[in-house]
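What follows is a set of structures to go through.
The following pair of complexes shares a single chain, chain A, combined with chain B in the former and chain C in the latter.
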Partner chain A sequence: MQLSYFLQLLLNGTVAGLGYALIAIGWTILLGMARLVNFAHGTMYMLAAFVTWYLMRMQGFEYLPAILVSCLVLAVLCIVMQHMMARQIQTQDLTSIMIITLGISYILTGAAGLFFGGTPQNIASPLRALRLTVGDVRLTGLDLTIILVTLIIYAAVWLVLRRSRIGAAMRALAEDGKLAQLYGINPALLLGGIFAFEGASVALAAGLIAPRAPILTTMGFQEVILTFVIVVIGGIGSVPGALVAGLAIGIFISFFSALVSSAFALSAVFATLLVFLVARPSGFGKGI
Partner chain B sequence: MTTGAAVMSCRDVSVRYGASVALHDMSLDMHRGEMIGVLGANGAGKSTFVNALAGWSRGAAAVSGEISLLGRSIARVKPHVRFRSGVALVSEGKNVFGRVSVSDHFRLIRIPAPEDTRFRVTADEIFELFPRLAERRSHLGGQLSGGERQMLALACALLSCPRVLLLDEPSIGLAPMIVTELLQTVRRLVDRGLPVLLVEQNAEAALKVVDRVVLLETGRKVLEGGREVAGDSRIQDAYLGKRKE
Partner chain C sequence: MPKSLPLSHLFLALALIGFFLVPYAWSDSRVIVGYCVLTAILAIMSYGVDMITSDLGEVSLGQALFLAAGTYGVGIGTTRLGLSPVATLALSIVVALALGAVLGFITLRVREFMFSLVTYCAAVVAHEVAYNLEFLGASEGILGIPSMELTLGPFSYVADTNLRLWPIVFLMLLLVLGLMALFRRSTLGAEALMSHLNPDLAESLGVNLRRTRLKVFLLSAPVTAVGGWLYAYQRNYVGPDVFEPYFIMLFLSAVILLGKRLLLGPLIGVALILFQERFLSLGGDGNKVFLGALLVVMLLALPRGALSLFRK
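Showing the complex of A and B:
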């Protein structure tokens, strides 16, 4: 293999992998800090992509404001979900939460199909047109943005969790929500923040990643599954773990698709996941 | 020792867990500079009572009756808000976070703006009171000894500038010497004005430091009085009953 080809595959994998990590950050926090799951995560990614597309195409929004509004919409949607599931969240009834979020996922897919139609659409990100070359390796402005934004978001989240009162409160909440009240923490408010972040971060990810390919209202399954894999391999709620896992999966898929078969790339990811789960059930990361 | 109107008071507070009543019509006033001991056998309703004052429960406690802080009703106020308005509870059992560092425990506490009706302890004073905590700043709660955990929980409660301090069996699992030391530390805070409600299974240790005693039996107040009630047969029974266990 030529070096430039190798580097190109590595870069493609890095962009894709950091993209997966960006999609997964909300879930990582949701699971790590609140011990909750959201199987509507992938559908929310789809919805955010269409909200961004709709705002740009139908409402004349610029790219960046469209993403910001989509972040807001998804944050509100997640807070609504939080309130719908308040009782199940209180009792940590994960089975019901899984079913409710799956239900919401199907409803959102249906609603999006009705509203946005069944044809593939393209989000016209101006960053895509920006072509950069480093030696023989090519990337778009959008690729570079994905890399930078993901690294910045992960660094910011890590700093907030490690160095701020909110981070300490989240770790307290994750460990013992009842006891947290005796330290002046409002669990419902903090949980609202976590849900809002889950929605906003998946919308940000969609705004940056979805323009790379045509979007369909039926998409979302691959995103939720990859997120799940990243969160598990990353060590259930570990922030650095999710970043490393996302990156590893992206690079793996890039090389596997190019050198072996793109049709089986996802199957190979799952095979690796199974091996991983059997061999190292606790994942890469230790805590956050 | 006590001065002026009650800082915190409760009237006819009852607590139910589902159908069973764990506390019946409890009334009590707490004054500045006063330390009240709540005594009683296991299951008498002591924790149920202090938890109700803090509006807090690990289970599903239904509280009725009136609870007020500085004359204002707080009966419907959520526990985290009660804490911020000055009701600090060091709960029984697990009362620190195992996976949160000592310094992050302190970071959790929002220190209120200066106000003379609140008891003020600075972080420096806390470390003076509990030098062990200063040494263990970077340790996780789960890495501390039982005594250090009690100190940490107490230190966090004090850092919040409480108007009242509720302590639920702080001596459980501690060596007798540490218990004496801890209770004397608390007594000095009381002498500086902080009202303290102390739930204690160790009646002998409690009676050395409290001003007043309330005895609970199966969810009812059966005795209330000054330290002189120590000789009362019911206290003796409760205490001796413990010793036989």
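Showing the complex of A and C:
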């Protein structure tokens, strides 16, 4: 294998992996802090991509404002979901929460199909046109933005969790919700913030990653799987773990697709997950 | 003096007899006959999900794997190996058990959302494999599956229409209903319920939680596979569409709609949902919104099922 080809695969994998990590950050926090799962996460990614596309194509928004509005829409959607499931969240009825979010996922898929239609669409990001070349290795402005934004978001989340009062309150919530409430922490407000962050972060991820390929209202399932694998392998609730796991999976998929088979790349990732579940169920990283 | 049958048993018997007669009463209507056949087949699949959801308290999103074991068992068995329906049934059950054993072993140590997500992953990966593997017909699926032909000595019965398939489908439905009733009265059923409601107590009473979970998982796999086996003969086609989220949404909705652990619950649930799809359809995407909303509203407003409205 030529060095330039190897470096190109490595770079492609890095971009894809950091993209996966960006999609997964909201779920990592939701799972780590509140022990909750959201099966609509992948469908929310699809919805955010279509909201961005719709605002740009139909409403004449520029790329960045469209992403920001999409973040707002998804944050509000997640807060609505939190309020809908308030009773189940309070009683930690995880089975019902799983099925409800699965139902919401199906509603969103159907509603997106009705509203946006079944035709594949493209998000016209101006960053795609920007081409950078280092030797024989190429990347676009969008790739570079994904790398930078993901690293900034992860650093910011890590700092907030470790160095701020909000972070301390979140860790207290994760440790013992009832005791945290006695100490004056408002769990509902904090949960609202976590849900809003999940929605906004997945919308940001969609705004940056979705322009790399045509978008369809049926997409989202692959994103859920990859997010899950990242969260498990990274260690449930571990922010650095999710970043490393996302990166590792992106690079693995890049090399596996190029050298073995692109059709079975996801299966190979799943096989890796199975090995982890049997050998190391707690993942690599430590929880929050 | 013989004991009189409880009223609920009488209702059950009458309801099933009535259901059995519907296709014959409307034998001219292909829509109604097809509706009854599909309702029974999808209900059989739902009972596999019912066992895990209602009794074990877990949400298996990998049930499509067992459905596929049934459909592909027929597809491969008939078109490549020339097997009879009985042999394809055996093949489907063996494959479902093998897949169930592997998935059950992997999920032995995980519960709740981890269990659901691992089973979901398994279904997604199986879809990817079915979609790309030529041996399984890839994205085109397997066409040309012959109608079910049962032969016994000089006698032969060809189920080449929905009406002719109906007695076989109904018989399988009765067998599955019998199995469900036996399971819920058995020690395994009690252990499954205990391990769901109070695992600590169950363990202290000597219940091996992992073994119980594995057994229930292994019992549910062939039930769903039998539904898949019938589905393949009914459609004369097998494809990767069996992995679509529609099926798991339908199964979960059917199990939850009237209330969990009701013998006829999944059957009536499937019948109601398919009735909306067949006779009050809102179109493909509209039906998705309806089915998703049904699931969400039921769990938020009536978590004990629609029948709880009529119970004190």
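In this text, the second predicted complex is superposed on the first by the 288 of 288 C-alpha atoms of A that agree within 3 Å, B and C clash if a C-alpha of one lies under 4 Å from a C-alpha of the other, contacts with A are read in each partner's own complex, and residues count from 1 in each chain.
One rule holds in what follows: contacts are C-beta pairs under 8 Å (C-beta built on N, C-alpha and C of every residue); 3 or more make two chains touch, one makes a residue touch a chain.
All of these numbers come straight from a predicted model, not from anything done at the bench.
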Contact breadth on chain A, by residue count: chain C or chain B: C
Let me test your reading of the model: by the given contact rule, A:Leu179 touches which partner, first (chain B), second (chain C), both or neither? first
Applying the document's contact rule, which stretches of chain A touch chain B when the two form their complex? 165, 168-169, 171-172, 174-176, 178-187, 287
Under the definition above, what is the set of chain A residues touching chain C in their complex? 37, 39, 84-85, 87-88, 94-96, 98-100, 102-111, 113-114, 221-222, 224-225, 228-229, 232, 263-264, 266-267, 270, 273-274, 277-278, 281
Chain B contacts chain A in the complex at 54, 56, 58, 78-81, 83-84, 88-89, 91, 94-95, 97-100, 104-105, 107-110, 156, 160
Footprint of chain A on chain C - complex, ascending: 53, 57-59, 61, 106, 109-110, 112-114, 116-118, 120-122, 124-125, 128-129, 131-132, 245, 248-249, 252, 256, 283-296, 299-300, 303
